[in-house]
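Following are the structures in question.
Shared between the two complexes below is chain A, which pairs with chain B and chain C, respectively.
Here is the complex of A and B:
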């Protein structure tokens, strides 16, 4: 299980690195798709079908939109020169990544090993959740009952995104 | 945006209805099987996007659809908030409380308010994705004209 997940995550990292360095923007978009669809398989292996359905649908829609944008505009990437400024940028990002890695290792040292989570909080949610909420699908029961504020926030974010696209991207004003 | 060839148009006509029905199934069975408002709404939006891409903006009046979808989106999120506020007047005085009878476990009409939330959040998600997609096309066409 851990080996399969590691292979998939390595595949995702290769896809992401290729997406940055690809000369053709269309192949960059396709390799971003590799990351998303590998994530779907990871979710299925970790037994989260709810997330997998959402991820596969959203990934397909964003891929369609990005391919349409690339085909409609240009397929060539901008040429960027290597000068002093890019050198400082690269050095800064490497230092930042090292600091982040240090604190990540510190933070994960105290966690339980993979597959043996501590169930202190989850126990209270999972035991008798079907009777408490009346819904057999525990994920929906938790999302719309115990954690309804989370769902409200997600929906509000989507609403704000649509509002932002309608107002900011408009070039001609409304008459 | 131009439409695609007659093969794509015919296949889209056959498929988009089935995809739409599948989205409705995912939404209404959200409290029984994996899925729910978000997944189902995105599938419904996918059916519409398929139609728009296949038929192009010549045969479909995109601006009228965009008006409708942004109105639907605003109404759906308003109804979700209204359902949550209704809990203050029916049952316990908690925001997002489940005030309807829970019914038999596993039946399609059960779980109180959860199916209603699922339906309206599904409508909201579908309308929001369609609005964003249409806005990108319409604004692009306004530039090129």
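Here is the complex of A and C:
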């Protein structure tokens, strides 16, 4: 199980690196599709079918929007010349990555190893959830019953984003 | 443990793209890669080896389910991720129409 996951995540890393280094913006967008759709397979392997369904829909929508944007503008990647500034940038990012690595090690030291998770937090949600909420799908039960206000906030954000996109694309700016 | 490290590497790849690229579309791409790695990490934490998908079988009691709580939270986060990505892309295409480029070094009209 862990090996299969590692191979898939390695695949995702390769797709991500190619997406960042691609010379053509369209192929960069398609490579993000590799990452997103591999994520769907990983979710299925991790026993999260709801997430896989949502992710495949969202990834398709995002890809369509991205391809539309790229085809509507330009496909060419900018030429970046290696100067002193990019050298400082790389140094800064390495330092930043080292700091992040420190916190990552600290944070994962207390985690259970892969597959040994305990249901300490979710116990109250899981026991008798089907009787309490009337939904045999626990994820739906949590999302629309125990944490319904979270879902309300999520829908508010989605509505605000849709309004924002409409406003940004409609108004005519000064030349 | 190795899957945690691979998730972290995926996050770092996104961060690297975010810092080093100068193209708005590439920046959006890097942000969504970082998003994916965080979703992956949260769902991996909730996985239990002998667990089944969190859909209750009313006949069988004493089943072990994988943790449904991170899954519900990640579901919310995925949808919000779509909202932010769409917003970023709208701003990017708007900037392209004004400046005829995606280069963030040339989009500097707000500089004081």
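Following the convention adopted for this analysis, the second predicted complex is superposed on the first by the 170 of 175 C-alpha atoms of A that agree within 3 Å, B and C clash if a C-alpha of one lies under 4 Å from a C-alpha of the other, contacts with A are read in each partner's own complex, and residues count from 1 in each chain.
In this text, a residue touches a chain if its C-beta (ideal position, glycine included) is under 8 Å from a C-beta of that chain, and two chains touch if they have at least 3 such contacts.
Computed from a prediction, not measured in an experiment: that's the story for all the values here.
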Just checking: does A:110 make contact with chain B only, chain C only, both, or neither of them? Give me first, second, both or neither.
neither
Looking at A:136, would you say it contacts chain B, chain C, both, or neither? Reply first, second, both or neither.
both
Is it chain B or chain C that touches the larger share of residues in chain A?
C
Looking at A:161 after the superposition, I want to know if it touches chain B, chain C, both of them or none. Which is it: first, second, both, neither?
both
Touch check for A:92: first (chain B), second (chain C), both, or neither?
second
So, A:49: does it touch chain B (first), chain C (second), both, or neither?
both
Once the shared chain is lined up, is A:64 touching chain B (first), chain C (second), both, or neither of them?
first
Is A:151 touching the first partner chain B, the second partner chain C, both, or neither of them?
both
Overlapping contact positions on chain A, where the chain C interface meets the chain B interface
49-50, 54, 58, 61, 65, 69, 72, 130, 136-137, 139, 141, 143, 151, 154, 158, 161-162, 165, 169
Please name which positions on chain B make contact with chain A in the complex.
26, 30-36, 38-39, 42-43, 45-46, 49, 53, 70, 73-74, 77, 80-81, 84, 95-96, 98, 102-103, 105-106, 110-114, 117-118, 121, 124-125, 127-129, 131-133, 135-136, 139-140, 142-143
Write out the stretch or stretches of chain A touching chain C in their complex.
1-2, 5-6, 9-10, 12-13, 16-17, 19-20, 25, 28-29, 32, 35-36, 39, 42-43, 46-51, 54-55, 58, 61-62, 65-66, 69-70, 72-74, 77-78, 80, 86, 89-90, 92-93, 96-97, 100-101, 104, 108, 111, 113-117, 119, 121-122, 125-126, 129-130, 136-139, 141-143, 147, 150-151, 154, 157-158, 160-162, 164-165, 168-169, 173, 175
Note: in the complex, chain A contacts chain B through residues 49-50, 53-54, 57-58, 60-61, 64-65, 68-69, 72, 130-131, 133-137, 139-141, 143-145, 148-149, 151-152, 154-156, 158-159, 161-162, 165-166, 169-172
Chain C residues touching chain A - in the complex, by the definition given at the top
1-4, 6-17, 19-23, 25-26, 28-30, 32-33, 36, 39-40, 43-49, 51-58, 65-69, 71-76, 78-87, 89-94, 96, 98, 101-103
